[in-house]
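The following pair of complexes shares a single chain, subunit A, combined with subunit B in the former and subunit C in the latter.
Coming up: the complex of A and B.
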């Protein structure tokens, strides 16, 4: 249970700050003495946090599904010819700035959540895909050979040997992708996706450093919480699939 | 029984296996021997369809392998490879249980079988069953590999240089185990090696391969006595043949038996009936004896073997 302690503590702190930000009013007043309101109040922080989380979870789920499927496909005998193409597409997704994706997507999809979701999915693909490929290619070829020779079907080899053995590396890719996207999601505020970027943008527009700080602290804390959650997941994975390494 | 009829395998323009014919009788150990790249592994991997053959026919118990479902075919053939290929995230017991599991045996039957096999391969179930492959020595890991191959009691065993990566002592031990297990379970075995001594020791019949062809297919004794070509002669070691022949013959063949087995104590390192003549001679040379007593498996003295007889008739 000690494994779960850091993410739970961080999550509690995150929740506490989202609900009880007004408690810190004197502090922000001291930081920003020239403003009347120093606590962002156009929307509750909890609502912004929920939306932020939803954006990241949905984009991570879709991105993971696409990248892992693509990675599996590109390492099968039938899909091996597509291996260079698949990694190129993912690299392009990563090099294309999310802001540019937003600029291109808004005229088509309108304001709101859809453009930022697409930007996040594209941006998050590469780390997951790269790690899926590395993980699957890293499986000891004799293991695959023996599994095939003993009579396992390709599906059985994938689910009983390859994915459990590559899973740790894939999980690390998802961790990187999600952590990046928690920060990137904030730019969605500029096109009307309500999330923790809102106070930051509003603060920048009005010259209110306190707002910026409130948004930034919560985003940072969310990233830390998620990261420690993945840390715990990776430990659990080790315990389950490579027990001798975890001891 | 495994029959290969006019089997050819091409990789692009190169011919890896060139129109070979080979029949492996039920219960015999056929060793494919040759230098690397001679097509011996390719031949083995065509039998369980890990590689398709380009031309010809492969029959297992009279049935064309191409007509069978490849997974079904492989589930009925044990497969042992040099690197063991044990699943690193599974315990020893689970690794051994792999094929019975795929065949959906009930749990009690699997557990009983795993324990039986671990005992057969001289692995203590209590200490080793819950270990992971990385925690085993090379020899133990390969024992697990053999146990896994035998798990569902297949009729056929395919072994691709299984002992190639082991040190000499461990290899020797495992070869002895192989002979012992083979006496007990009598599997039709195809065994690939580049080590001619290993081939001579384990084979019922040896197929010597070179450049994708089978040069000679015969018993170890005939391979030594009547090599079909210079290549085979060099492979078995021209000058060394006398001693190699001696190591094929059991002491039983050349000893003078007593009328009645005598009750006496077979000490440490005593010569037994199934030991090779070569070993008996070596002991006599070392201890400077003209003859040594021979014991049977129950420790009774059943005869003597003399140095003279070995020199006269040993090879």
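Coming up: the complex of A and C.
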């Protein structure tokens, strides 16, 4: 149970702050004496948090599905021709700055949630794809041979041997992807997403440091919560699939 | 690491290029190649391939793509060099399509009218680039050839974009409206990104040495730098505003140096913080992973610990350290664009200004150079890293 303690505590803090930000009004009033309103009130923080989470979860789910499917395809005999190109694209694509990808989505798709979601999916699937390829290619060929020798079909080999062995690396890819996407989604509020980036951008535009701080603290907490969640998941994975590694 | 196996037999038909080629054909005929806007903000009317460049242009595009599909299917010995020539030339000549498009459709009477690039053109550019990457991979072309290709294609683009025919292109107009600002943005962007990388490289080196000398430092240092990396950039920029703002109002001398809650100072600080993780990790791993038997050999030759470090460990560790510099630089170039939100300048300023004014080509004027800088840094440091490797490079 101790593994789950950090994410649960952080999530509780995140939720508590999202609901109870107005309680801290005196503090922000002290920080920002020259402003009338010091608590961001155009949307509730909880609504912004929900939107932020939804964006990240949906893009991570779709991105993971696409990247893992693509990675499996490129490492099967039928798709092997595509492997060099796919792995090149996965590594070249990651040199594209996320902000630039976000910015490029707007001329094509317009403002709002759709371009952000698509940019997040496309950009987020690159680290997952890269890790899926690395994980599947990293499976010891003798394991595959042994599985075939036991009479497993190609599908069984994939789902019972290769994917469980590659899973830890794929999970690390999803962690990287989600970390990047939480940050990129926040910047997405400049193109019309309503999420925790909003208070920061509104504060920067109006010179209201209190808004900026409220947004920044919640975004930071969200990132830490998610990261500690993945930390816990990785530990559990280690414990289940490689008992000697989980010391 | 990924091991990619190039096809051992050149005569096997290639399936990747036909797939890309067919997709390119479909997209280029389905999507708009470009649009004509009456002025900067009003959305324009789109034109498909046929309407945009006429039968001749559409025919040439179709023929080129069909030729590359056929060529990749036939078991010719010279297939890949021929494909390289065909696809490379098409990429270099691609802006001519926009030139023809503007010539056919731009109303001469209105000085504000401008042509913009459509999704069809972007798809064509993207898929042709993928084909080129595939061909270069199959040919196992060396760095020299890759560099020549890059110079030819980029040179041709720059020449065509500066020419008379594309002066009406919206992107070119946005640039021509602010050449000085563009240059200023370029220097600010480079100064911030490379300033942060240089500073963090020095700091990371010191930290890595400290971690090697006293292992008790390893966990806290690595923990701290990966904690910094986890916090989203917008949050870090935001969190730095209040303390730096307070600092500058407490010490007015700092204000005259330009250190305020917004501007270059918090941007540089945040960029340094972000750069520390890849730098520290790579430097530390690089130095500690120099094989111990090599160090023993050095000791046997009578080297002092200092000589051992500077003459043996550091040169051997350098390629991995450079890899850290590469990752850090790419990341810093991207984050500098975000730093424009707190008034640090650079290409990000065009992006966010363009988003604010709904002027899409101003967004492009910020986003495209940012991507170009990142790709350039990637190529540069990959090359430097490869040239420093003591043994022949292996994949």
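Quick note on the criterion: the second predicted complex is superposed on the first by the 223 of 247 C-alpha atoms of A that agree within 3 Å, B and C clash if a C-alpha of one lies under 4 Å from a C-alpha of the other, contacts with A are read in each partner's own complex, and residues count from 1 in each chain.
Definition applied: a contact is a pair of C-beta atoms (placed from the backbone, for glycine too) under 8 Å apart; a residue touches a chain by one contact, two chains touch by 3 or more.
Just so we're clear, the structure is a prediction, and the values are computed from it rather than from any experiment.
Using the contact criterion defined above for the overlaid structures, shared-chain residue A:241 touches subunit B, although it does not reach subunit C. Touch counts on subunit A: comparing subunit C and subunit B, the chain ahead is C. When the shared chain is aligned, no partner comes close enough to touch A:3: not subunit B, not subunit C.
When both complexes are overlaid on chain A, the residue A:137 reaches subunit C alone and has no touch with subunit B. Using the contact criterion defined above for the overlaid structures, shared-chain residue A:85 touches subunit C, although it does not reach subunit B. Once the two complexes are laid over each other on the shared chain, residue contacts for A:150 go to subunit B alone; subunit C is not touched. Once the two complexes are overlaid on the shared chain, A:161 sits against subunit B while remaining clear of subunit C. Touching of subunit A by both subunit B and subunit C, each in its own complex, is seen for no residue at all. Across the complex, subunit A meets subunit B through its residues 140, 142-153, 156, 160-161, 164-165, 241-244. Subunit B contributes residues 48, 50, 71-77, 79, 81-89, 98-99, 102, 132, 134-135, 145, 148-149, 158 to its touches with subunit A in the complex. By the touch criterion stated above, subunit C contacts subunit A in their complex at residues 1-7, 14-16, 19, 119, 122, 130, 133-134, 137-138, 229-239, 241-242, 245, 261-262, 330, 333-335, 337-338, 341-342, 348, 351-352, 354-355, 358, 360-361, 363-364, 366-368, 370-371, 374-375, 378. Residues 31, 81-85, 87-89, 92, 95-100, 103-104, 106-108, 111, 130, 133-134, 137, 179, 182-183, 186-187, 190-191, 197, 200-201, 203-204, 209, 212-213, 215-217, 219-220, 223-224, 227 of subunit A are the ones that touch subunit C when the two sit in their complex.
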